[in-house]
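Below is one structure, written out as structure tokens; comments come after it.
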Amino acid sequence: MTVLAPTKKKSSISFVQEALRGLPLAIPLALVVIGLAIGAPGFLTSTNLENVLFAASVLVIPGLAMTLCITMGEFDLSIGSTVALTGAVACTAIASGMGTGVGLVLALLVGAIVGLLNGLIITKLGVTPFIATLATLVIVRGVAQAFTNGRDVIVSDPVLKYFASGRPLGIPFPILLAIVALVFMLWLTYRTRFGRWVAAIGSNRDAARLSGLPVDRIRILVYVIIGIAGALWGIMISAQLQKGSGQLGVGFELDAITIVVIGGTSLLGGRASVVGTVLGALLIETISNGLNLLNVPPAYQRISIGILLVGALAIQAIRRKVPVEALDDKH
Amino acid sequence: MTDHAALLEVTGLTVEFPGVKALDSVGFDVRPGEVHALVGENGAGKSTLLKVLGGVYQPTAGSITLAGSPYTPSKPHDAIAAGIAVIYQEFTLFPDLTVAENVFAGREPFGKFSRGIHYKQMRDECNRVFKTLDFDVDPDTRLGDLSVSEQQLVEIAKALSVDGRVIVMDEPTAALSQSEVERLLEIVKKLRDEGRSVIYVSHHLEEVFAVADRATVLRDGTHVATLDIADTDQDQLVKLMVGRDVKSVFDRDKSSFGEVVLTVDGLTSGRSLRGVSLDVRAGEVLGIGGVAGAGQTELTQAIFGALPIRGGTMTLDGTPFAPSTPAQAIARGVGFLHDDRKTAGIFPHLSVAHNLTATILEKIRGWGGLLSTSKEQGAYNGYRDRLRIKASSSSQLISQLSGGNQQKVLLGRALAPGGKLLVLNEPTRGVDIGAKAEIHQLVNELTASGVAVLMVSSDLPELLGMSDRIVVLSQGAVVGRLSGEDRTEENVIACATTDRRIGVTA
Amino acid sequence: MKHTKMWLMAGAITATAALALTGCSTGDAPAGGDGETKTDITVGFSVYDMQYEFFQEMEAGTKAAVEANGWDYVLHDEKSDENEMVTGAQALLDQGVDVLIISPFKPDALGPIIAKAQELGVPVIVDDIGGGGTPYDAIVVSDNKDGGVQAADFIDAQVKELGLTSKKVVSITCEPSAVYAAQRNIGFVEQIESLGYEVVTELSGNSKAEEAYTIMKDALAKDPDVAGVFACNDPMAVAAANAISDAGKNPTTDIVTVGYNGDGEALTAIDGGTLSATVAQDPKGMGALTVDLAKKLLDKEDIEFGNADEREVYQPVTLITKANVADFLK
Amino acid sequence: MTNTDTAMLAASIQPPPQKKGFSFGAFWDSWGIASVLVVLVIVAVILEPDFLSMGNIQSILRESAYLGIVACAMTFAIMNGTFDLSVGGQLALVSVVTLFAYGVGGTPLALAAAIGTGIACGLINGALVTALRVPPFVATLGMLFVFRGIAYVLTQNGPAVLPYSEVKSPFAQIGSLNVVGIPLTFIIMLLVFGVGYVVLRRTGTGRKVIAFGSSPLAAKFSGISAARIRLFVFVILGLSVGIATLTYITRVWTADGSAQDGFELRVITAAVLGGASLQGGKGSLVGTFSAVLLVSVLNDLLVSMGVGASYQRIILGCVLIVALAIDGLRTKFPGSSALRKALSFRNKRVATAG
């Protein structure tokens, strides 16, 4: 623990420095962009760059929520299933003529409930977050499939469609949402009691309790936030495909965790890297977009993401000379 | 001091944990504007009492009144709200947050409308409090970047900024240098003069006599006495704390010592250990004294190969000794006892036997290189009898044993590799009086049988009573070598905390 | 002590397992395990994954036909898992079905199933996907390659009709393991190239709508002037169509978008003018056809194959466009 | 902290000790999941009379093997305080390589390839964790992508297959052979668990694995090398995948990059269901063994009862939560609590306060 091994350097850190942790990620990102600009036909076209931003934005919103969770030293593996369930709920409601508004609200509500369940199982039943959310991943996926009964719910709804192709102020709606989410999360994470308390819990949970922080309430709230983010994700995916389905979002949880980790948020908790998460999303989406343009099969995308993930952490760890026995994550 | 109604009154307070009675109907009172010392041996129940005041534990029985009205905190927040600020022994800080965020954790001022934290206000308040501590650190520093003693001061600043009526300090000087200690004592006096009450817990009786108006003595979770500092002295307090004449606990027959087992020459290691030289002879206990953080840990861990050696040489039994891993030290017959039994000592999920043999797995191999249950049982039985370990069976989980018995098992683990040299850190920390005496007895027996012991202890009576010679460290260097008549409490403290030097050519 | 306890436990479990085995270890049981005299025929159907509309239709068709014959029917859902496929299908054989109909999640995993079936003398009819080079008795497939060809011809015709100048087309494939489905894109590519077009992007969407959506968007970014798209299944086709309209183009008039299967979502899309066409298979019909073949096999009649050496029986495919979609929308 | 919180802290490093007399805690720790299995089997026999049919039992045991073998090694890892998210990718990659190897050099080369590739994967993970100091979670998550990716690349022109012409080959027999009615794959699994048990409980290395998981710091000061132990754990994980592949691929005959997606989570589920604690130090091979069978029996029962795939998922997930909640509540409220009384816990924690 840092307390036992203090270093003598005393850099005072400003909000900006804090917020910009993970900025170094801009370097590999820049390299990739330059490489593709030269190597990939049509990469630099405005439509394509917009595609990259679009794809990244869709990933950013859940990524930011996951950042909060990992800053707390915990994980949520169930978000991929939440995407399927909430998307299905929204589309079913719309298809059954309840109106888009109701559908969206229901989806967000269901997302929040899934989060609440995760939170309660973890705090009240004392199940480790990793396993608890692993179980809800399976359960929620099952519920989504039972709910849709394997039938895709087709909708063609202009309002829902807006989440995929709407362009307020000429900016694609998801990109706008992501920007709003980024600003909100910067403020929430570094500027509010809630955000600092989340970091405090991740930094030293016992101290948090001794300092009288409402630890369990905060943890539950974080899972609810992830649930809602998952619902937003589900809405955006369903908006793109104009349908809900129990099959959507398989493996999404790993995508979300990946960008957070690449972004430089410490797995041991305490240090959030909000901007890093956004850059992580951009980096990953740029790479997969580039490989698509070059007709490179998805397989190579997986490989590059994996290497990226390991590489990013290896560099961090080597710089800090972490002893092996200190590597275990506290789930 | 005029005797008006008590501000805080504790009556018949009892706290039971599954298995033990941590506090047994304890009662005492704290007057407004008084410094009330709480003294007692480790395990006397001081910390439990403070945790009750802090709302961490709920009492099984008894009552507390604050300014006449009942005070029943159910969570730490209640205590803070009631104006009772507790500085716990174990840090309650967040290494990843800034100093200011730490000081205000849970009480951050924020905009009613924007909901944003008012960082400027926090910074100013911090600087104000830091000034009173004349403690110079930027509130925006990340706490993890501060030294341990600086972090301790942040703890104190945290309590002061609560602006509490009652400020409770549990071993606040544990990690402070002498000058910092004096500053702190000044602050405590100032707080009293401001009319606040301070509950001051410390092992260092000289501090108690320096600031306290009254002292309450606890022993084994019971209230022994509350007396005015004016009409008592250290010896009386110590007697009350220990419950018997201190001298009687320790009787080392300082007979002839054997060959030199370990020589350390100019050892430099870790953050603070600078050119330490010493030697230990067979059958001898060499005590290491000094204020906490003076380099004891670095010294012992370097000797055990757990800390890289940056300079100097060592010999063990006359042959060069430079372990780079604990395994190498163990292979040379060195045993090690960590001062943090809970996190760096026991294997909570393993049986007592398995805990004991952890360092000699190679020696209990049997058929086909598999571990031999019989050999393991034999090894365990041997140490069980020799160390008088009390366990229901060799397969009982160590976490089910009392602190004292756990310590004996770990002593066995340290002896098992060969019992040539034992490096003991705080061998009796957190064990009850009885076990303490027993462990002292064991150390005597071990040395009698020719084991060389290097013992670090922050418990002065123990250090003085158990050691044949004492080496005092300060800021990582040897500041005193006390033997024979020199081995007095006064000398140890003087060397550790003033510029007095004994037995060292400065 | 603890360990001996554990050993006991381990022993106990293994014992019960072994006991259970030897308990019924009356040699390798023949088909119809309990050896009761069968008065009736039982058909086992192992389906790819009931989470997909296409296979729900196929299952409905099979079930209906079986019941029409007054036979017993046992269903097993492979849940898109090759392990479950082998285990479950072999379990059906163990239960003593008289015919095994299977739409395999991984055709190449048919080997161990066919092996067991032959050992028990149970005929096996493969429904769609692929036969994995095993000695199955018959396989019912849509004429996938021809479907791809039809798609190509349609795209060419539409392009001419709409007066599109570009000769660039995109081909989105299913997962590599689906060899028969791959035939669709092979047929498509061969035909479209022979018609003088260039396939500028060919990527696998792993049969997933999400992946097809991104692939299409990126493809459009690379070549904004794409004239036609063919996707290996309808979910991917509809997703591609959505990507096209999200990119501000019309997936029927600016770009000709064609899918495969004839799923409900495709029909609605065609009706709604957001998809040009789909090559409709008839899963219900395929199901029924497999049962007919089963009857023939049991009655020892011979089957006329569309391709004898592969023992393939073709289920014709029909191109559904705006013109005839109404007949298919029920 | 409130009492329960203090308890949680302690619980996280101290299993609740037991006193004389019946203790649910003690019972659950060593017998829990196994007895649940027995109960479930009885239920199964009642609900589905032909559950006990030769074929059914055989198929359950046969198909449990590959999951069980890896779960056995995963129990080592979890008791050691870590886990491996890449085993799914490893299984896919090793399967592909093995089938290719068979095509080239027949059964012997296939066996060698499976074991060799498995160990290689383990070494890579181990090196990342011990040499490059990448946290196990990220290292194995990253390698999950990499291993699967490579498997995909290798099978771009169609999956790796065992052609039907090889149906009689000794290799194919591994997956179908029965020895006195017991499936060979299950016998292999039994052997793996047997060896695993001896290594874990009867060798110094096994003892070190548990000790390190129980308290890394105490292990350090007992001369146990963190790096060596971690490397060992990841290598045996790789080895286990190698062996598991042999029992898997000889039953399924084909593999590509998508083979057994989500395998890692199923394996961890089995180990945790078997009583292994992610905090390290705690776990039981008998428990894992029972959990593996429990999952297959449950699956088989639900299938034969015609429960839909989606409901099967829901039920399985709930089983996991209930099993862990029992554990969680026990360690969360070791003090007096209605629930504890209800379950007649006797666990007491020696307070280390004062």
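Just so it is clear, A, B, C and D label the chains in written order, and each chain counts residues from 1 on its own.
Note that a residue touches a chain if its C-beta (ideal position, glycine included) is under 8 Å from a C-beta of that chain, and two chains touch if they have at least 3 such contacts.
Because the structure is a prediction, the values reported are computed rather than measured.
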* **Longest centre-to-centre distance from chain D, chain (CA-based)** => B
* Asked: Higher C-beta contact count, B-D or A-D?
  -> A-D
* Asked: Quick one: chain B and chain C, Cα centre-to-centre, how many Å?
  -> 71
* **chain B and chain D: spacing of chain centres that average the CA atoms, whole Å** => 42
* Structure fact -> Here the gap between chain A and chain D, centre to centre from mean Cα coordinates and rounded to Å, is 28
* Centre-to-centre distance between chain B and chain A (centres being mean Cα positions), rounded to whole Å -> 44
* Spell out, as numbers or ranges, the residues of chain B touching 2 or more other chains. => 56, 75-76
* Please set out, as single numbers or ranges, the residues of chain C touching at least two other chains. => 2, 50-51, 206
* Please set out, as single numbers or ranges, the residues of chain D touching at least two other chains. => 1-2, 156, 217, 219-220, 308-310
* **chain D residues within the chain C interface of the complex** => 30-31, 34, 37-38, 41, 50, 52-59, 61-63, 66, 155-159, 161-164, 167, 172, 175-176, 178, 180-182, 186, 190, 193, 197, 201, 248, 251-254, 256, 258-260, 284-286, 289-290, 293, 300, 303, 306, 308-310
* Within the complex, which stretch of chain D touches chain B? -> 1-3, 6, 13-15, 17-18, 198, 202-204, 207-208, 210-211, 213-215, 217-225, 281-282, 334-336, 347-354
* **Touching residues on chain C, where the partner in the complex is chain A** => 50-53, 56, 201-204, 206, 208-211, 213-215, 217-224, 235, 238-239, 242-243, 245-247, 263-265, 268-269, 272, 274
* Asked: Okay, in this complex, where on chain D does chain A touch?
  -> 1-2, 5, 8-9, 81-82, 128-130, 132-139, 141-146, 148-150, 152-153, 156, 212, 216-217, 219-220, 226-227, 230, 257, 261, 265, 268-269, 272, 278-280, 308-314, 316-318, 320-321, 324-325, 327-329, 331-332
* Where on chain B is chain D touching in the complex? -> 17-20, 22, 42-48, 51, 56-58, 74-76, 221, 304, 306, 325-327, 329-331, 336, 338, 340, 342-350, 354, 358-359, 361-362, 365, 369-371, 397, 399-403, 413, 430
